[in-house]
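The two complexes that follow have chain A in common; it is paired with chain B in the first and with chain C in the second.
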Partner chain A sequence: MRTMWDEEFEVVIIGSGFAGLAAAIEARKYCDKVVVFEKMPVPGGNSSICGGIFSAAGTPLQAENGIEDSPALMLADMLASGQRFNYPELARMVAERSTETLLWTIEELDVKYQPSLSWVGGHSVPRSYNTWNASGSGIVKPMLAKCRELNIPVRLKSCLANFVDDGNNAIEGVEIREEYIFPKSESGTPKRIRATRAVVLASGGFSQDKEFRAIQNPRLTEDIESTNHQGATAESLISAIRAGATPVQLSNIQLGPWASRDEEGFGVGSLFSMLAGFPYGIIIDVSTGNRFVNEQSDRKLLVDSMLNLGTESIAIVDQKGVAYATTLDQCLKRGVVRKFDSIEELAASNHVPLMPLVNTIKSYNSSIEKGEDRFGKWIHKGLEPIQYPPYYSIRLLPKIHHCMGGIRINTLAQVIGIDTRRPIGRFYAAGEITGGIHGASRLGGNAVPECILFGRIAGANAAREPLRSGHPLSQE
Partner chain B sequence: MRTMWDEEFEVVIIGSGFAGLAAAIEARKYCDKVVVFEKMPVPGGNSSICGGIFSAAGTPLQAENGIEDSPALMLADMLASGQRFNYPELARMVAERSTETLLWTIEELDVKYQPSLSWVGGHSVPRSYNTWNASGSGIVKPMLAKCRELNIPVRLKSCLANFVDDGNNAIEGVEIREEYIFPKSESGTPKRIRATRAVVLASGGFSQDKEFRAIQNPRLTEDIESTNHQGATAESLISAIRAGATPVQLSNIQLGPWASRDEEGFGVGSLFSMLAGFPYGIIIDVSTGNRFVNEQSDRKLLVDSMLNLGTESIAIVDQKGVAYATTLDQCLKRGVVRKFDSIEELAASNHVPLMPLVNTIKSYNSSIEKGEDRFGKWIHKGLEPIQYPPYYSIRLLPKIHHCMGGIRINTLAQVIGIDTRRPIGRFYAAGEITGGIHGASRLGGNAVPECILFGRIAGANAAREPLRSGHPLSQE
Partner chain C sequence: MLVQCIENEIAEIETSEKEKSEATRKLRSAADLLVIAAVSEWARAAETGKNGGLLEKSSDEETSEKIFSAVFESVGEGILLIDKDMEIVKANRRACEIYGLMVQNLIGAKVSSLTDEPGAHILTEFFSTLIEGQRKSAEVTGVYVDGKTFPATLTVTRSDMDGEKYWQIIVRDDTDRKNMEKQLREEKQIIEEMNLTLKNVLHSIERDKKEFENRVASKIRTTLLPSIAKISKTTSDGTRKVYLSLLEQQLLSLTEGFERELDGGLLKLSKTEIEICRLIQAGNSSKEICEALKLSFDTVQTHRRNIRKKLDLNGRKLNLHAYLLNRML
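So, the complex of A and B:
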């Protein structure tokens, strides 16, 4: 008995975020019939709602600003933050090809970036570009436009139900539920889609799958918020594992330390903390008025410190530091960030004991003068004392942000089988669905280069697989 | 077409360590035909070569010695060491039923323990029994004797090749390779064994699977030694995942900080460090002569500190402290522990700078007098200054010891399916093959109660599954 197929493409891509769309655009260079399936009614997934930060080593903006950087330094930062759980060969690719990938978004997609670099926690130097609109949509929209230009259909409300193998350790296609209504697993109409060259899985992480994330890390209880869109669930990861993919490091799930307690999801406050509050301000324990951590630490270290406190924390920045915030107006408008003429007002409004806070700021300012901070924050020449009103504060709440774990790929973006420990035929993956690139903790702005780099690799390699000898559709 | 079966039992158990043998003994209470398959030519796996330490809260020896303890305190220790990656409901069962499980080994199996308790790192109080022979074989041998008494065959050189499901989300049997020669995957003769009630997987961890452990944690390179027997490989874990089991926390792999650089594997030195060197002595960096960690920390903290040093470390104990070592004679005989009449000789022989070492010991001794240690070691009344010759040293080498990750079970020891997120029918698991009980780091002596407790639960529940309506063997 032969499998019934309803439709046939050369390359079938699951997911329409950075990785999936990059795969589609690249695949189209080498073959004609490429399709993208997206389970949600809108394209883009988390990529559309993220902060649009792109970290890269050796960029034009770094050269303009006299910032010395190298892929080796970026890799060292990734391994340090990742506690060396990273696959070194994949992490190295991200570092070495980050600038090439950035330039591709500029040259091929005409993505617009802001004119200044950001310095994001855990990076040794400023190396992060920001999209013009401070959102990943600044990259996703040009990608979607490119797909239209290339006649690549992006089919929405089309949920992966299963991979179909050819009985010979290779993937031959997928079962899709069309007109699927998230999150109803039984909604929509099943259709079998054949891939005559290969399938690319780029379906993202599972930060919104409250049951599955707690299975992997029981500490991540239901009540913990997430920055992710509702569709970030685990069923495609599970389908991949059932199809023989190797699960790796699924319990490495990152919380973002910079999110706001006063809005849902990633919102506008996350970027405020990430770009201004942490690098140019301080984080304090509201119950004591004291600092407790190097604000420029990687995300895991920050979150662990905040959770160990057991109390609430806020970030504070002054008029000088706030200049680095790209989302200030929206933050103020939504009440996520509040503005005060004096530290006294800021303290009163945030219920922080005044004198300890004043002393904390004094001590921090004198660290900057001395050039040495007791929490190890690097005192660079761009760092100024907190002394110019108005002052700004944001109430912080760690939210689940990124799954470092996923399925194992190699440098060609091939999915590695758990039993054979070799590539599964005609099966590629890229982006947050893959695991082990960032290890224990991903650095800010490193997902975009990773997703786009491995998306492009997956798309190109998928499209260059030999064409399966065609048997007609719907044959039995 | 019906599956061909070569043989039929009521309960089929994979693995002959603590968990598998406990399952067999318990299953036999409720049904007649129980079998244990073991892939190696000898039974017992790691259970036979471990240190035979059994931690339990609220035991007779604690009562005799006036040590106050409770399951709640043991659970708190487990969650702290586990960084709350533990499944709390399973960890609680280990703590609450640890003493009941200890007493079962004494009353049902006639296991003999030493008359004094040990205080193992990360435990808040002394709560660890030691088998009479300072080895897990002190429990495995009585278990094997009980199996013989109960007519439970333990078939050696019989390797699990696959689980066979009944097409209805339940396991119906296994494919075994008989006369299997480890590690040749194609050796032996395939046989299909039906389980008319259930299958229990108790096949242990994968610390000796150099490829698979590096897939889960790339930092664990090939050259890192392991305390485990050669058969501790991942193929049965992979078979379980391919059969639909949920993988959890596979990258949580523990190194033992107490192993000796001067012998292979677990050896005799591990217990020396664990029972004497760490609780009653000090650990120093040989390059500086300084202490760098609370010697009574949990294993993960100790190993991380040792690896961060980047140099070698040794443990030192004096005549008083060495009294707690159960394996001293063997250690001295094998050159794993060396004995010196003076600190001068110890320093010279270990290439430690003398004066810093003398100062370190002075400072440690004065901590004991003051009742407060700068590294946070708890200064209890049993702790004495290091001052009575002869002195003993052991050269330490962290070795891979235990897989905290594995497949997910519930409180009934049922294996939970990854796609349904509910129990897979007639499929149980216990012991190191299961994941999430110990979280990020298992405490010393906690594997034995866990393996035996969940082994017994798995065996009892497997044996009480309704009998499958029999179809004869070899039917087509």
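So, the complex of A and C:
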């Protein structure tokens, strides 16, 4: 049967986050007709609401600050937190090309970063850049502007319904529902879009898909909140599996330990904990006033200890530590972080027993002096005892944040077929929809380089596929 | 949602674009008032909730809050709530779509980031001058997430809550309206230009006609009338003959203007041929022409052949009747 097409492009990209937009910009270097489809009425997805943290090894800011780092060290950190579930060849690419990718955002997109580095949990050294506005939108906006400049249409409310193969183990196009209204799967009009070179799937994770994530991991019940936007659902992943893609490690779903109990989603509190509360403060169990974990552990370790505790926990930081928080004003304004003149007030307000808390802080401060922490927090020269008022606290609530699992790709970003274990023709994927790069636990700030790097690889390779021969569009 | 449904209905009604846009405009302003009422209702509810310290809301309040948020989210215009720091504290779905930003990105953002410098200036002016309950509108430039600009109408109302100043902004993306206006303007311009051209054409026709009349009148006055006078005065037959032939000449020269407009070929035709042409032009068949002119059929056919030859129609696939139809004979 001959398939009829409504429209034709050279490269068709699904998703308008970091990976999709990077793929589009790169693909446009090699061919003219590139299109991005986004199912939501607004572009950018989770990328535009994330914290905008970019981890990279061997960067100019590290050199400026005399921080010794290497891709090998970054890879070691990734494999350690990932518990070696990572596909090493993919993880290595992220580590080795992280700085190149960072510089691409600066040189090609003119992304502005803050002048100091952050030290995010699970990384051996400070290696994380922050966008100027403490948000992923600081990268998404310049990407969208670039797309506009390059005449790459970003079509909103256009939901992927199906991949269309050519009967010869290659993808020839997609079925899109135009004027789709999220989340109504039957809304919109089906249109068949042909890709004369290739299709790139960059549709993100499924953290908001309560049913699907519970199928993968029954502990993730539907009452658990997510930092993601509403559109982070699994239907494109299911379409990819239906088209023969290999699903991997779908139960590796990460919760963010730093999210706030006092706001919805990722909000502004997450960055407060991540950049100030955890590295320069302490996490305590509110029922006992005691520390229970190395605050600079990777996310999985932190969340597991918090959940094992079974009670609420808060992070505390003083005036010195709060200097690293990029979102402090908004946190205070929204009541996500509260400010106290004394530890006594902080304890009373948070219902923490005072004496144990005072002892906890005393003991933490002395371990900084001794240079050795019983929970294994690395004591470095930038770390100071908690003793300078005012003090700040944030109520923590782990929220589902990132899907490490997804579909299997190779180093060329080609989707691997489950039947053949070889690449499916003209089918690429990048970003959170792919799986196995971060293993059991993704390090903070590693998704941005990963998404952009593999997005660019996917876009460039898709655009260099040989052009399919002519095929009439449907006569309507 | 309701408003949008009605708008779609309006779009489908078969009537002029102007009436449609007028109806849509009226509908929208009614919707605006509804939104303003709803927002201030919601604001009041928020205030009593806070002041009364009600921990559990009655089901009535819950229902009304649900209704409010349904209206707020689905209304066809963007709504932003701005606080004293000029930051957005609430935004509906339409506002997100208009600016291409997720609600998470709109909230906490400076409202000035959604417009250009003059737009920000106008807003600051509104914020500092509006008194509680007052409403002002302005057309400003909106900025989409990718940097593209678009025409927008902002309607700003101040409504204080809990002793704090707040401003509601209703945002309308005017791209479609402006495009429609532009199209109308262009169409109007084309019509006006055509009008002008027609006027000019009529004008010059009128002028030519006048000129021609003047020419005929002056010829009659200067040449014909004196000749006629001479003829009536003279008694000599010879002189009369001379003047009569002159008169003939003068009359002929008066018709020069027409002759020049005649087809060159037609002038070569003989009297009989012209006669035949007139009959052909009137739609007569050769047979009818034979009868009318009392000529044999063969003679008429010969005349027709000669006419075609003189008019240079030989070898051309052209019907004589069709050729003559538009010509002056």
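What we mean here is this: the second predicted complex is superposed on the first by the 474 of 476 C-alpha atoms of A that agree within 3 Å, B and C clash if a C-alpha of one lies under 4 Å from a C-alpha of the other, contacts with A are read in each partner's own complex, and residues count from 1 in each chain.
In this section, contacts are C-beta pairs under 8 Å (C-beta built on N, C-alpha and C of every residue); 3 or more make two chains touch, one makes a residue touch a chain.
These numbers were taken from a predicted model, which means no experiment stands behind them.
When both complexes are overlaid on chain A, the residue A:Gln216 reaches chain B alone and has no touch with chain C.
By the document's definition of touching, of the two partners only chain B reaches A:Ile241; chain C does not. Of the two partner chains placed by superposition, only chain B is touched by A:Asn252; chain C is not. In the superposition on chain A, contact of A:Ala145 is made with chain C only, not with chain B. Touch criterion met: A:Pro88 reaches chain B, while chain C stays clear of it. In the superposed model, A:His229 lies in contact with chain C only, and not with chain B. If you check the complex, the residues on chain A that touch chain C are 41-44, 48-49, 135, 137, 140-141, 144-145, 147-148, 154, 229, 265-268, 330, 333-334. Chain C meets chain A in the complex at residues 85, 93, 96-97, 100-102, 104-105, 108, 145-148.
Per the touch definition, chain B reaches chain A in the complex via residues 83-88, 211-212, 215-219, 238-239, 241-242, 244, 246-252, 405, 408, 418-419, 421, 436.
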